[in-house]
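Down below are the structures I want you to see.
Each of the next two complexes has chain A plus one other chain: chain B in the first, chain C in the second.
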Partner chain A sequence: MPTVTATPAKASQIDTKLILPFINSVKSVLKMMLGVETKIERPRVKSVPGTEYDYSGIISFSGNIVGTVVLSCKKDTAIKLVERFAGSEVPPDTSDFADALGELTNMITGAAKKDLGAAASISVPTVIMGKGHMVARPSDVPCLVIPCVTELGEFAVEISIKTV
Partner chain B sequence: MNILLVDDSKTMRNIQKKSLAALGPVNFAEAGDGVEALSIISKTPAGFGIVLVDWNMPNMNGLELIKKVRETDKKTPMIMVTTEAEKQRVLDAVRAGANNYMVKPFTPEALLEKVQQTLARLKAA
Partner chain C sequence: MPTVTATPAKASQIDTKLILPFINSVKSVLKMMLGVETKIERPRVKSVPGTEYDYSGIISFSGNIVGTVVLSCKKDTAIKLVERFAGSEVPPDTSDFADALGELTNMITGAAKKDLGAAASISVPTVIMGKGHMVARPSDVPCLVIPCVTELGEFAVEISIKTV
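After this line comes the complex of A and B, so read on.
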């Protein structure tokens, strides 16, 4: 179970229309591109701004949906995810490593986008590499954390988006 | 056959190369955005057997690239390979001149089949 500083969300705080597409896209992307099954833990509302992980891939939304989606993981999981995705070892903290993580984030977000019920565009991904980094988010939008567990390790997809 | 892969992700281009290795003798060219792709195309007089194009890229996106290529080249097969899966996006790509559309994520087998289908269909036409 990933270490996430968060409180279990109240049912009223979680918009299932926004959560379910990401749950489905995480599973399909990891299955098709990495051949890995993903177990989804209980989604939670994040109560602090700091992420608990070492690597984060970030995608921004614009249009009728605004906000960010962040894929975060610890270093050892990131290394395994990237190696499985790329089909070969990729040295961490390199541009190729960041590229792979960014593309994973891009695919998970893109695959979810079509089921969000509103027209929107997504940015090219940004990847942050470094322990203890923080990702700022709109303060008026709750950040929903989807903890994910795989044979390659644990990671989280953090969703902070709203329709406008 | 020459194949041009246009995607801002080097990882994705490598995945595509591995997926398409079964096509046989292939020379791959790569571009990270539409501007680079146009430059490569202009410098490749032999042309390309097929071009795979990502949608979301910096400088020039895939849709803009396809439109630009189609201004002077109606024949080179072009497949949009993208996470954009909405019906309107598919229509936009086809109207711009894409011959086919592949949604990410995909299995290697699915991408290979998509390319083979596209080439076979155009050959039969």
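After this line comes the complex of A and C, so read on.
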């Protein structure tokens, strides 16, 4: 019988040097690819899997940096982000919609990775589509939620990475 | 404006040598950790993000093997799997529940990785909790769904990896 209860992560375990590249990459990718300004709200530590989203793009790090980065939003926002990104309307819950949201997640994470300057690699994106789902990481890995506000709607970038 | 339409993957692109280790690891981990036999049904290629699940444990590969492995199931099955795994009832939609399902995904993927014999590393698990969500991968990466049947219910292992 395995032990499944992990020690909850503390805010102090989060390395702020790992966070800034993502704030910069979100702002620059959305400005460059979608032509929108992004206002970053106060980041908060996620301790329980509480927030509900309709769409999540997930990318994992490995190498010198391990963990996961998730771009999550409600359906309305996802539809607007994807439409602006693809240049035309894309029906939600299709492969094309998932590809677009995954590629947006990939661009944000890829730009941040360059900035991190570490010998890390990132995975292909996985996209979750489903009204009101929650994203949980192992509770011993700290997770910082960065709320982002744009004219297309609000979304969150959840960063749960550490250097090894 | 980026191109977001990828070429759909074909069944012939799936390397069966990459699949067998997962079939073996599912059977052995469930036998060893949960004491249940697993019947493997006929695998099928997933071309569109069609199947709906309530819980998904996601792990990414990087290194010589890249891609994603997802353990997905309905709520009833997830509750039974986690209860048997943890040795006692665990309330769903909690951190402990996610940790348990993530650890089960990790054990299955870790055992398969050893069998694959490749210089690959696997990420920490991400767990999605939400009724009727769909999991989508980039549509140019082939994905094989392995349906698994046990006395605790049915679940699926979705394998979307390739050697590089």
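As a convention for this text, the second predicted complex is superposed on the first by the 146 of 164 C-alpha atoms of A that agree within 3 Å, B and C clash if a C-alpha of one lies under 4 Å from a C-alpha of the other, contacts with A are read in each partner's own complex, and residues count from 1 in each chain.
Definition applied: a contact is a pair of C-beta atoms (placed from the backbone, for glycine too) under 8 Å apart; a residue touches a chain by one contact, two chains touch by 3 or more.
What you see is a predicted model; the values in this text were computed from it and never measured.
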{"item": "Which partner, chain B or chain C, touches more chain A residues", "value": "C"}
{"item": "First (chain B), second (chain C), both or neither touched by A:Ser56", "value": "second"}
{"item": "Touched partner set for A:Phe85, first chain B, second chain C, both or neither", "value": "both"}
{"item": "Touching partner for A:Asp93 - first (chain B), second (chain C), both, neither", "value": "second"}
{"item": "First (chain B), second (chain C), both or neither touched by A:Lys113", "value": "first"}
{"item": "Touched partner set for A:Met33, first chain B, second chain C, both or neither", "value": "both"}
{"item": "Which superposed partner A:Met129 touches (first chain B, second chain C, both, neither)", "value": "second"}
{"item": "Partner chain in contact with A:Glu103 - chain B first, chain C second, else both or neither", "value": "both"}
{"item": "Chain C-contacting residues of chain A that also contact chain B", "value": "33, 85-87, 96, 99-100, 102-103, 121-124"}
{"item": "Contact set on chain B toward chain A in their complex", "value": "8-12, 14-15, 18, 56-58, 82-86, 103-107"}
{"item": "Complex interface listing, chain A residues touching chain B", "value": "28-29, 32-33, 85-87, 96, 99-100, 102-103, 106-107, 109-111, 113-114, 119, 121-124"}
{"item": "Complex interface listing, chain C residues touching chain A", "value": "1-2, 4-6, 8, 33, 47-49, 52, 56, 58-63, 66-68, 70, 85-87, 90, 93-96, 98-100, 102-103, 121-139, 141, 160"}
